[in-house]
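Same chain, two partners: chain A is paired with chain B first, then with chain C.
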Partner chain A sequence: MTLPPILRRWETLLLVLLVAIGAVNIAWSPFYLGVGNIVNLFQLSIEKIIVALTMTLIIVNGEIDLSVASVMGLSACVAAYLFHAGIALPWALLASLAAGAAAGAFNGFWVAYVGLPSLAVTLAGLIGYRGIARILVEDRAYGGFPDWFNALGQQPWIGPVTVSIVVFLVMFAGVAVVLHGSALGRLVYVMGNNVQAARYSGVRVKRVKLLLFTASGTVAALAGLLYAARLGSVRGDMAVGFELDIITIVLLGGVSIFGGSGNLVGVGLSILLILNLRNGMGLANITGNTQTSVIGALLVLSVLVPNMAQTLHTKWKGRET
Partner chain B sequence: MKKILLATVAATMLGLLAPHGASAQTTIEPGKPVEMVLLPKFLGILPFDQAHKGAEEAAAELKNAKTLQYLGPTPENSVAGQIEIVTNATTQGVGAIMMSNNSGDQIVPAAKAAHAKGIKVVTWDSPIPSAEGEDVFVAQVDFSETGKVMADMALSIMGPDGGKFAILSASPDAANQNAWIAAMQTALKDPKYAKLEVVGIVYGNDQSEASYSQALALVDKYPGIKLIMAPTSVGIVAAAKAMQDEKLCDKIKVSGLGVPAEMLAYTKNGCAPQFALWSFVDLGYLSYYTAYGLATGAIKAEAGASFKAGRLGNYTITKDPTRKEGLRVLMGPFSKYDASNVEAAAK
Partner chain C sequence: MRWLQRNIRPEQIRELSLLLLIVVAVLFFGSLIDGYYTSRTFNRIAASVAIITVVAVGQTLVVLTRSIDLSVGSIAGCTAYFAGSMAAAHHDLPPLAVVLIAVALGAVMGAINGVLVAWGRVPSIIVTLGSLAIYRGILIDYSGAKTVTTDSLPAWIVDLPRLTFVTIGNLDIRAMFALAVAIVVLFQIGTSFLNVGRQFYAMGSNPDAAHLIGLPTRRIVFSAFLLSGALSGLAGFMFLARFGNITVEAARGLELQVVAAVVVGGVNIFGGSGTVFGAMLGAIMIGTLEQSLFRLQISEFWRDAILGLLILLAVASDAVILDRLRALWARTDLKLVTRAEAEP
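The block that comes next holds the complex of A and B.
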């Protein structure tokens, strides 16, 4: 029994699931296809899916960045803190992006130049950056941003589409070009497959890794600012736990946790899949643990199915020869 | 002249009476179909389930043909989850959202969007701090009374010699807990509490494990404390369990705001000799009456509006004295529990 290659692809499975979920949503809720709902569907998770794009690069590269949600919180808190200390908001925003870049570069330094595992380094970042964020804003909630800032996260810009959604679409195109159409993208895959081989063939492994982690930190900071703009108020616990949702999206997209394989089409489909699933469950009044469990089950499948298929495939081949 | 004077007096008196006449108790008309969402801070703890029970009771009395939706996020995803639920309810165009707000002012954009679509937003248990996007807050008890009740329990447990005690709260920006703690600090200024001293506040984020370890951390950090005061139903149970597990109940007592069913064992064994609470069932019930009344147009969200809320009797909407802006309906009163009455209340 051999399936045509296109049907064996992970992306095909995601597409089938996506169509199925879309169909169920249409059947269940008359509100699902409304323009406002489609915009909300993206808006409610927009910061996570923006960070998922750089996370894809990191994971394909064979690393992980657990600190992204803490960097999101840190950037929002830095901006709010500086703004309330009397600094003009544009400068505060720039400073917070710089803080994100610095946090990412700090992670990258330990991973690339010292050779520590990114799991450990960014776990420390997850705790440390959140700590700094909490020290900055303490127990307070900072609001009172100018209207133009809140509008960045809340108001439609092009038609019904918000600034955040435009940022996401532009970044999606950008990351697609980098990963699938550039020399850097090829290096990301090569290193993800076999970092030793890459090193011996003259790839500047350290520089690439530092660049990726810095990009991850910067984008997380940008996402944190968009989140602050969407909510109109900043607290120390902003975006806590988001890293798991972000990594879930990437893994469900068929990106191997061991690096070296996966593509942005899969991640794009996975984003649509999870967002539509969440939205559909929300409109069907399924919330809380039930919702979490369904998405959790999906992730378990996404990790198990390809691995089991691989194992079975190898066994089958072994029998043939 | 005398007649004119008399007439003036009469007119003035009528004038005084008129507002009362105009705001006579509105009877809320049952039987209208209104989609309503009850949104707790998160699912899975008893007080919110009790509020749900009370809201269901009111829904049955008001013969609302639409099923009450009890929707909530998980504790870990409370803020983003509440925003998501409010946004989806807005998409669905429900009639009213009743929310125990856990998101501070971060809920404001979502609440305003709901409000702009004509949805009535009633908060209960915990309001929107800025009151933006909110019609009315159904307050459980007066915040200053909460402070006094906690001060009294502290005095009664620690005795006339007083001593040091610490506070285990929910999250650092939980609007209600902060207001209660502030009210207690104010109450403690009364000379009668002169020997009571608050040494510190820690936060367990309304999660059992975090609250448990924060309670133990308090014991290490402030040796010699005689009491942990926890104005949160999650925190008080966790603290009582921590003291019981560490066999510290002889030295350190626990008090605060708790649910009788959860506190029964600890009150019986002396770890938490006294605690207080309002009825969450009644709070859910009153919130439902308020939201239903607003959504059906029977009540207007303005100071002075009065209405009858079923078995609980009459209530009036007033300006909320605990916030800069906003309206509230005050439920009250407190119930205090100790070994003598906790068993009956736990049933």
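The block that comes next holds the complex of A and C.
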């Protein structure tokens, strides 16, 4: 019993699941296929899926960044704090992007140049960056941004498509080119497979890792600003717990948590899958909290199922010979 | 110097310096806050330390085996709520039964994590990030977002936090703090002198070697998660006794404090080194900071930023300073050995 290679691929499984969920959603709700719902489906999780793109690079590289949700909160709080201190909003936005880049570079420094495990460093970041955000805004809520900033998150721009969605599409193309079409992308895979071998082959391991973490921080800051624009107000607990969804999207997309394998096609399918799943559960009146439980279960299953499949496969082969 | 090196290990130097840091912190806060050195301050810190310590003991075992358990906050929240609603519904339930219910429920939740990590070969960070969300979700669905309130609980639970175990001078040592210390002593002895305890270290130092010499590596990892869950369950009960009012948000974020306590206490995040006693010192450091910052009123908002910095410094000092010390110790050992061989 051997399946043709194309059917054994993880992406095929994702596609089948996606079609199944889509079919259930169409049967369930007449509104599902409307343009409004499709845009809405992207719009409701747009910040998470933007960050998932850079998270893909980090995990393929064999590291993890748990601090992204806190950096999202931090960037929004920095912008709101500076704006309310009387600085013009464009400058405040620029400063908050810089703060995100600095936060990412700070993580990257400890991981790449001191050699600490990214799990510990970014866990410290998860707590610490949220802490800085709380120091800035305490328990207040900042609103009253200019209309053009709020429009950034909500107003349709090209047809029904919003700025956030355009940012996502451009970034998806960009990350695809970097990961699958550039020398840097190959280095990311090589380091994920065997960082020692990469170092001995003359790869500037430290510099690549620093670059990736800085990129992760910057993109998380951008996503945080888009989130603030969509909500129209900023609080200290913005985006708490988003790392769960983001990491689930990447791992469900077939990226190995041990690094070195996975591709953006899988991550793209996984994004569509999770968005449709959440949308479908929303249409079926399942609460956000149960949705989070389902996402948690998906996270565990996305690693457990391939593991089990491999174990069974090895046993099968052992019996044949 | 040679006497020092023969009698004290680098890890112990680390624990001693943490102890020194705690003393410095207490002196520092004492000079800033009026009436700091009172039994009231002590009890407030001890109540917070007791809960963090109990969970940190379990977390230490998990981290020793090269894993991490991020679901402890959700487990403690679930057990606090469940034990609370049981006790509220059946006032005649004996105290021991309520505690056992909490511990057993925690153990089951820990066992689920353990099975997935040990036999499912899913990395612990993934399993427990998932179960962090799932357990909390189950709690919210099960409870229907209702709250366990203090006045619905039997009197013995409400009075438990003020129950004094022993009085030294004018310091009252509360029963819950004494329980936490007893657990630390028990597990410190277990992990230092018993075979089953040393297996956690063997597994974390070198999993392949542990497997080759015939240790049941999967069972070791499983039992670490089982114990972590059971102790989180116990902590859930202590949480119920301390606060009385249990919402679905109970103990959210506890995992961050606990991981911080363990890492600050010198348990190596790569596994294989660190002690339960060190984890308790870490918990005391964090409890002291938390309660003292609260008293200082420069706002509790600083707490998280300081906690994050503390974790980073702890991990960095382990990697940079402790490795140098270990190398120094190893060189001296080598010198002693060669000199002993040279002398007839």
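Keep this in mind: the second predicted complex is superposed on the first by the 312 of 321 C-alpha atoms of A that agree within 3 Å, B and C clash if a C-alpha of one lies under 4 Å from a C-alpha of the other, contacts with A are read in each partner's own complex, and residues count from 1 in each chain.
The rule is simple: a residue touches a chain if its C-beta (ideal position, glycine included) is under 8 Å from a C-beta of that chain, and two chains touch if they have at least 3 such contacts.
It should be emphasised that the depicted structure is a prediction, and the values quoted were computed from it without experimental measurement.
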Superposition on chain A - do chain B and chain C clash or fit: clash
Which superposed partner A:Val178 touches (first chain B, second chain C, both, neither): neither
Chain B versus chain C as contact partner of A:Met308, first or second or both or neither: second
Partner chain(s) touched by A:Glu138 [first = chain B, second = chain C, both, neither]: both
First (chain B), second (chain C), both or neither touched by A:Leu44: first
Touched partner set for A:Val203, first chain B, second chain C, both or neither: neither
Chain B versus chain C as contact partner of A:Thr292, first or second or both or neither: both
Chain C versus chain B, contacts on chain A by residue: C
Which of chain B and chain C A:Ser233 touches, first, second, both or neither: first
Stretch of chain B, among 8-16, 170-178, 206-214 or 332-340, that runs into chain C once the two complexes are superposed: 206-214
Touching both chain B and chain C, residues of chain A: 138-139, 236, 241, 287, 289, 292
Chain A-facing residues of chain B, complex: 42-44, 69, 71-74, 76-77, 79-81, 83-85, 87-88, 91-93, 103-106, 108-109, 129-130, 171-173, 203
Touching residues (chain side chain A, partner chain B) in the complex: 29, 31, 34, 36-37, 40, 43-44, 138-141, 143, 150, 153-154, 230-233, 235-238, 240-241, 278-279, 282-283, 285, 287-289, 292
Of chain A, residues touching chain C in the complex: 64, 110, 114-117, 119-121, 123-132, 134-135, 138-139, 236, 241, 243-244, 247, 251, 257-258, 287, 289-290, 292-293, 295-297, 299-300, 303-304, 307-308, 311
Chain A contact footprint on chain C (complex, rising order): 68, 116, 120-123, 125-127, 129-134, 136-138, 140-141, 256, 259-260, 263, 269-270, 299, 301-309, 311-312, 315-316, 319-320
